[in-house]
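Provided herewith is a single structure, encoded as structure tokens, for subsequent inquiry.
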């Protein structure tokens, strides 16, 4: 597509406004993270943190860094496990159409409906018996339940678009099922893998209910639990809470931007194949 | 018009997520008579489902069929109550209003999330400077723990010191009691939920758009189709499978939203923003003395609602495949 | 879906269920508590491992000759966790929970009584201990208490010509609010949110009117709710109170725009950071004098264990946590009032500002007391719902409370 430069920049302008609107609540969170306690409920509210304070950030830098590390590990683990479980399943459901496949898709759908708190209580009972409460693998496993059903459905939807001719060509070349899956289906599905990974990562990153139920007391607590340092029995330190959220979103936002570049690259690569 | 027929076959050949319709089932089925071996690919996920979803589900069903008190919850021996818990819930005067709120909340959230998400996806699909970065930034709301985003919204919507009312005041509109009046509370939680749901719709629909080959648009541009015609003639039909999945997942996620509402209004004032999900939570966990039975019963009713939606989805999908 | 796949779906579900029920039955009964370490759960996630509180726990463990493993949970989460752990036979050795939860856990049979665990509770103030008693048995020891009073903005009251000492009943309080409003400032803020917090804040006014929790629709109760509703109608209190937590309400007070705020002992440390001078008065009763406020604060309890031999050490741990010196440390960090008269004296001597609070705690009343026990949660839910519907204009105070009484007494 050829776009003339002035028209493209005009669109950038619109894009900036739209992004600004969407991100306004995020700005407000940043604003509150710098606000002193006595200004929190000022009426009319301060648009900028005049008389700002760095107390919130001081508290976060002192206490929160290990939590960020845990969140990263848990996020990566969730991504790997989710893709490993869901990609083959999506392939089978989309392309191999086994008997009982629709029933399984249906079960996956129901699985997503179970309220998070019920899932968490179930896991708690299982983990307590197995003795894997407060461990990283335990939390990773639980967090994948947020993403796996979704991932299977997304993989199925996207992989059903892979031309059958492509798969048959691989079979003609003498590739087995696994080989076809590994060296044809997966590379072509790069786009959906990145999409699924992104979702899996974000869901585990912002998960609170599993974290609080399954790792509440351990040494491996993710950042969403770090916030609970500032929520006491009777009062909350809002600037520190918001500061934690801000600090927690910066690395994740960077990751998002990088992933987005990769999505576009994956698409071009896929197009070249055809 | 001959050119359109050509383009539609081009889609088939090109593939892409948009063409979910299976390419001619009869011949391939004849070639491979038994497909049970395909379960090899499904085995991991099946075992996983059985291991981690079945137990909580079983537990929830069991909770709803017995008459649990805190004592029998801990000590065991809760008497079997059949459908008593369901009867209690269904005959509760709060049931009909709560169900209505759930339907309104879900329908309104879905409609706005999807439309706005689609509009943004189409907008960002045009390549312009910074488009990728801006698109990534729009996803930031997602990174936030729900307790933070929901609290931020209740901050913005506060009656006395909220920015929204301050802004309304500037243009001369009287302050609205967004979270504290029964007439507005449901609208307020819908607004926040739409905001949270936009990134999800944007990402999935955008990936769907990526899969539509650009040649299709070029061909229709030659035919002299306007942007609007192109959307309804090409984009929308080709995005249908992805749109359906997005809506279905959106429905499932929206039905069970409780934390957002819980943090913003606790379902109040006086249940005016309570949905089945918050009601279930309030009964089971939001009180000093939990009522597990009715709480679990409502949870199961929600699962049934999603099940119906799933059946409808399968029906639509099948009809599409037959076409 | 075809009939065939539906049948398969059922088959899959049955297999899955069988697998799970099988594994659930075979689950081993012994938990991690059989090891050497003693588990302590508390609702103080804000205290990290290097805090004084955790140091105290370790120290008590050392003097009892055992190691202590402590876990801090979010308070709303702790009730469910404790119930689940009890169900799985995996309770911690020592459990610290919010006082109204004690009666629920006791009802569940998850806690030992002082008869079983031999804890000495004789030094504790009777009104505080009440929340941990039911059916003549005592299920825990208070570790510290807090309650509510009215904080006021001195500068603002002076400007409005109000003498805080003259605010002794509802009439004089409302008169003071009117004077403040005439100066263009706001009157009072509190929390009327639809949770236990809302009931906690309403109770001083409810009890101060002479109403009883057993009769929510009495004329006295209606007068208390009418007081709040009228404040909202006349603009003395902001509409946001309907959704305010106690923290939000404190933030409103901290802006300096409000003359009064109903809040608790735990805000004392924050009060020192206010940008104006403040004072506190007891919440007045309708006819004058201080109204009974509800007691807040946590209890230390010893959950039921399979291995009853563990109680002896647990008892030593609890005794250590609640001895006079340690109570003083703990309650100073938590900004609570001690549950023992002698320690209260020491607190008041060390910090004269605490004197008002010590008196308030002595006059305070347990929510689950009056032998309400596990009836209280139901009553409380009905009460906060009534407050919400009256304040948001849905019902009149009388209608709201009549509905509440029906809700609290049925089922």
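Order as written gives the chain letters A, B and C; numbering starts at 1 within each chain.
One rule holds in what follows: contacts are C-beta pairs under 8 Å (C-beta built on N, C-alpha and C of every residue); 3 or more make two chains touch, one makes a residue touch a chain.
Every value quoted in this text rests on a predicted model; they were computed, and no experiment measured them.
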Among line, ring, star, complete and other, which best matches the way these chains touch?
-> complete
The chain pair with the larger count of contacting C-beta pairs, comparing A-C against A-B, is A-B
Whole-Å gap separating subunit A and subunit C, where each centre is the average of the chain's CA atoms | 36
In whole angstrom, the CA-centroid distance of subunit A from subunit B equals 16
The positions of subunit A in contact with two or more other chains are 41-43, 99-100, 102, 104, 106-107, 121, 125, 238
Residue numbers of subunit B (touch at least two other chains) | 46, 49, 55, 158, 160-161, 285, 314
Residue list for subunit C, restricted to those that touch at least two other chains | 1, 12-13, 80, 87, 252, 255
Show which residues of subunit B lie in contact with subunit C when the two form their complex.
-> 46, 49-51, 54-55, 58, 69-71, 73-75, 154, 158-161, 177, 179-182, 265-272, 285-290, 311, 314
Please give the residue numbers of subunit A that touch subunit B in the complex, ascending.
-> 1, 3, 8-9, 11-12, 14-16, 18-19, 22-23, 25-26, 28-29, 32, 41-45, 47, 84-86, 88-89, 91-93, 96-102, 104, 106-119, 121-123, 125-126, 141-142, 145, 148, 150, 152-154, 157-158, 160-166, 177, 181, 191-192, 195, 198-199, 202, 205-206, 208-209, 223-224, 227, 238, 241-242, 245, 248-249, 252-253, 256-257, 259-261, 263-264, 267, 271, 274
Please name which positions on subunit C make contact with subunit B in the complex.
-> 1, 12-13, 15-17, 19-21, 23-24, 79-80, 83, 86-87, 100-101, 104-105, 107-110, 193-196, 238-240, 242-243, 252, 255, 374, 376-378, 380-381, 385, 388-389, 391-394
As the complex stands, subunit A meets subunit C at residues 37-43, 63, 99-100, 102-104, 106-107, 121, 124-125, 128-129, 131, 212-213, 216-217, 228-236, 238
Mind listing the subunit C positions that touch subunit A in their complex?
-> 1, 5-6, 8-9, 12-13, 27-28, 31-32, 41, 43-46, 48, 71-75, 77, 80-81, 84-85, 87-88, 90, 98, 146, 245-248, 250-252, 254-257, 264, 266-267, 270, 273-275, 296, 298
